[in-house]
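Both complexes shown next keep chain A, but they swap its partner, so chain B is in the first and chain C is in the second.
Up next is the complex of A and B:
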């Protein structure tokens, strides 16, 4: 997907009323992150290490029903034994004021590497998830969440 | 009610009129058709189980005209595939003769002359007749009657009775289960109240409490019919909280929840189900995709997108049915169940021609009783129309042009916005515009006609947002209805482009000047999903306008230019 980032027009519309439903959730004028900001965050943590695909089950809605509280569930496939477990999971958003959403740290005692929370999303954007395994391997996936003005339904 | 005999005479007379008035070959061919209740209900029965499906009735108790869309674009994988076929392409695909009764029921061209020949469609008393006939033929224990939802909204009586009129009709029809969407616009308390009391099952696997993600409604129910265990899983419109005001059901969350449907299917099989049916309000394209991803569904009864198809569509082993809207059709699906699986099926989309089907006396009495307290409002004539007034279609409809004109005129606005709802009946030239007809296109629980200022840039963002809700190539990202209708402004749309690149050439129609991004325009609209939207109900706005213009004449709307389809 191309980046969904745009200038401030979207926020102005939403604040204008009329069809706008999401005015309340939008931050006042401030710079929003982008794909590069997310890449930079990942680099800060893991340098140039390769990101592989797979193992991550990232469950976010295709369309947010309420951008203020968007549910996210993430689960990493792992035996969670002393010699093979998930060490950390980081979640980023490429269209919020700050790219960082949440970081989780796991030990083999956790039994499984799964977590759920709610996040606030300012606009349609990608949610990026990175998982660090005990052997140092990194896995990554991303999923787009659409934040829409709403209305006009069927 | 015209008796069958009178109907034939009327048709014969229409034939004469058609040739005399030079309606052309379509009009004549159509008028030469003969229709009877027996033709409509004739069916070569198969197996023991019959599933009847009706959906998107939108509270239409009485027969109506309903013109099918002339523009119904499919994007992505749905491009050019049924149900995204109209008129000639539709008739060619489904082998329907031009000018035939089926052409009138299923396509839009030559609608006015065909409407004169074939009359209104639907009416709950006619549907009751067909349902009773099938039950009598097959035996009560072998028939399952399922309602796909969008039943409790769309008329003055449903609005005024909080959907009770339709609940009473559903109860009298003895429906077994229903799905839902517009039902939620009655508010969460009312929906809960009906769901708990009704003698039928209100099934919705995909509605959860926001806080705890607990199921709000029964997800599925197993019925024993036709010697088989039939598991019916309910699916509400996944985008209800986006397409309609979330504040009306603030504690509920929706979504497609594909994994949970799979779980419901697997649990159904484990519980001994021979047949698994998804009673869906996803919309056709979402169901087409879902059928390719969720394993083990035998039948998906589709809804929401108001498509009517005279044949099934198969995705793998899953049969998809599309039963239309507004009571125009009743679907019959016979299943031959052997060794706990569907060994064969036979399907018919029964068109409910109100002049050919006798009214069921009990249902007729019930409908009269429901309507009696509102008779004065329903019959009040507001104006007459010289033009065909319809709504359904991706981009514009003349009924919406009328509403948009009324808003600009009565609310003193430069530009008007009217939502792209798929519901609302059709009026043919010469018809009276009664308050009932207006209510059929506007009756809903958030009708306020607002007046506000928006910049050109903001208008552009609104059009882009709505366009993406229809034309996102992945149906799971599509949100609701047809394109928002615009009064006072024209634009171009390239359907094939991604979001924020589809809309261009926005032009103020009055001056022919381009819409300026930074300039503020006075905009009127209705059906905002915002709480506490101020303004008179839209039907008051249109009624005032009609009282002034008295006769509606609308030129074809050419202000939206579509490419990339």
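Up next is the complex of A and C:
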């Protein structure tokens, strides 16, 4: 796997330099999403509907040493019955080349609106999570992850 | 990276009625983001698994749309409330149109 080797060597260079400044020099080569891009994505899905706070437990590390594999666990408070459940959850990042990370669709059969996966983060940024309930209500929350080594191979 | 992505799933074999079980899945896949460049400076085209679906006895119970920000060898965990015995079918859809599937049985006492 030559690409892995190359990635590895870049990482060694970064480690040897040991400087965040070097990473900062490398990062801006990519066109990155920003807060506006995330807002635009949410608008595309839900228009101008109001986002309330609460009910979402977004579990991401405060500091991620390796941006290539960052665990993300979301859980939304809900009884998950046929007439009151979490329909969808969308996760965005405001500092990746593209804002989308993952969109989940739950059903009452899940019993619990929780899911875990792993994501790539290019740099330190905010993770934004929006949950849509079966009654149409929207909730959102965000959390910052500090990334030591970015996860978007150059 | 392996030409054939290999799915691995972990589902408890048995559960009591009403019990909440956690389903964990993993599939080997490079999840090429479309952002990287090869040694000649050419962009490597995007090739990711863009959708994961879990169905129980034929009914979809959980879906995830994955974007380019999902890590290589994607992991997905979710919950399911056991009500009756049956079989899970997990499907992963690749950008190139391929589909990978795995099945797991659950016995509910």
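Going forward, the second predicted complex is superposed on the first by the 120 of 154 C-alpha atoms of A that agree within 3 Å, B and C clash if a C-alpha of one lies under 4 Å from a C-alpha of the other, contacts with A are read in each partner's own complex, and residues count from 1 in each chain.
Convention: a residue touches a chain if its C-beta (ideal position, glycine included) is under 8 Å from a C-beta of that chain, and two chains touch if they have at least 3 such contacts.
The shown structure was predicted, so the numbers you read here are calculated from the model rather than taken from an experiment.
Of the two partner chains placed by the overlay, neither chain B nor chain C lies in contact with A:47.
Applying the stated contact rule after C-alpha superposition, one finds that A:114 touches chain C and leaves chain B untouched. Of the two partner chains placed around the shared chain by superposition, chain B is the only one that A:62 touches, whereas chain C remains out of contact. In the overlay built on the shared chain, the residue A:148 is in contact with chain B alone; chain C does not reach it.
The residues of chain A shared by its contacts with chain B and with chain C are 2, 6, 69, 151-154.
Interface residues of chain A, counted against chain C in their complex, comprise 1-3, 6, 30, 68-70, 80, 93, 96-98, 100-107, 109-112, 114-121, 151-154.
Interface residues of chain C facing chain A in the complex, by the touch rule stated above, are 1, 20, 33, 35-39, 44, 56, 59-72, 74-81, 83.
Taken in their complex, chain B has these residues touching chain A: 150, 181-182, 210, 213, 237, 239-244, 246, 253-256, 283, 304-305, 417, 419-423, 450, 452-455, 457-458, 460-462, 465-466, 468-469, 472, 474, 476-477, 479-481, 484, 498-500, 523, 525, 527-530.
By the touch criterion given at the top, residues 2, 4, 6, 9-10, 12-13, 16-21, 61-66, 69, 71, 124, 146, 148-154 of chain A touch chain B in their complex.
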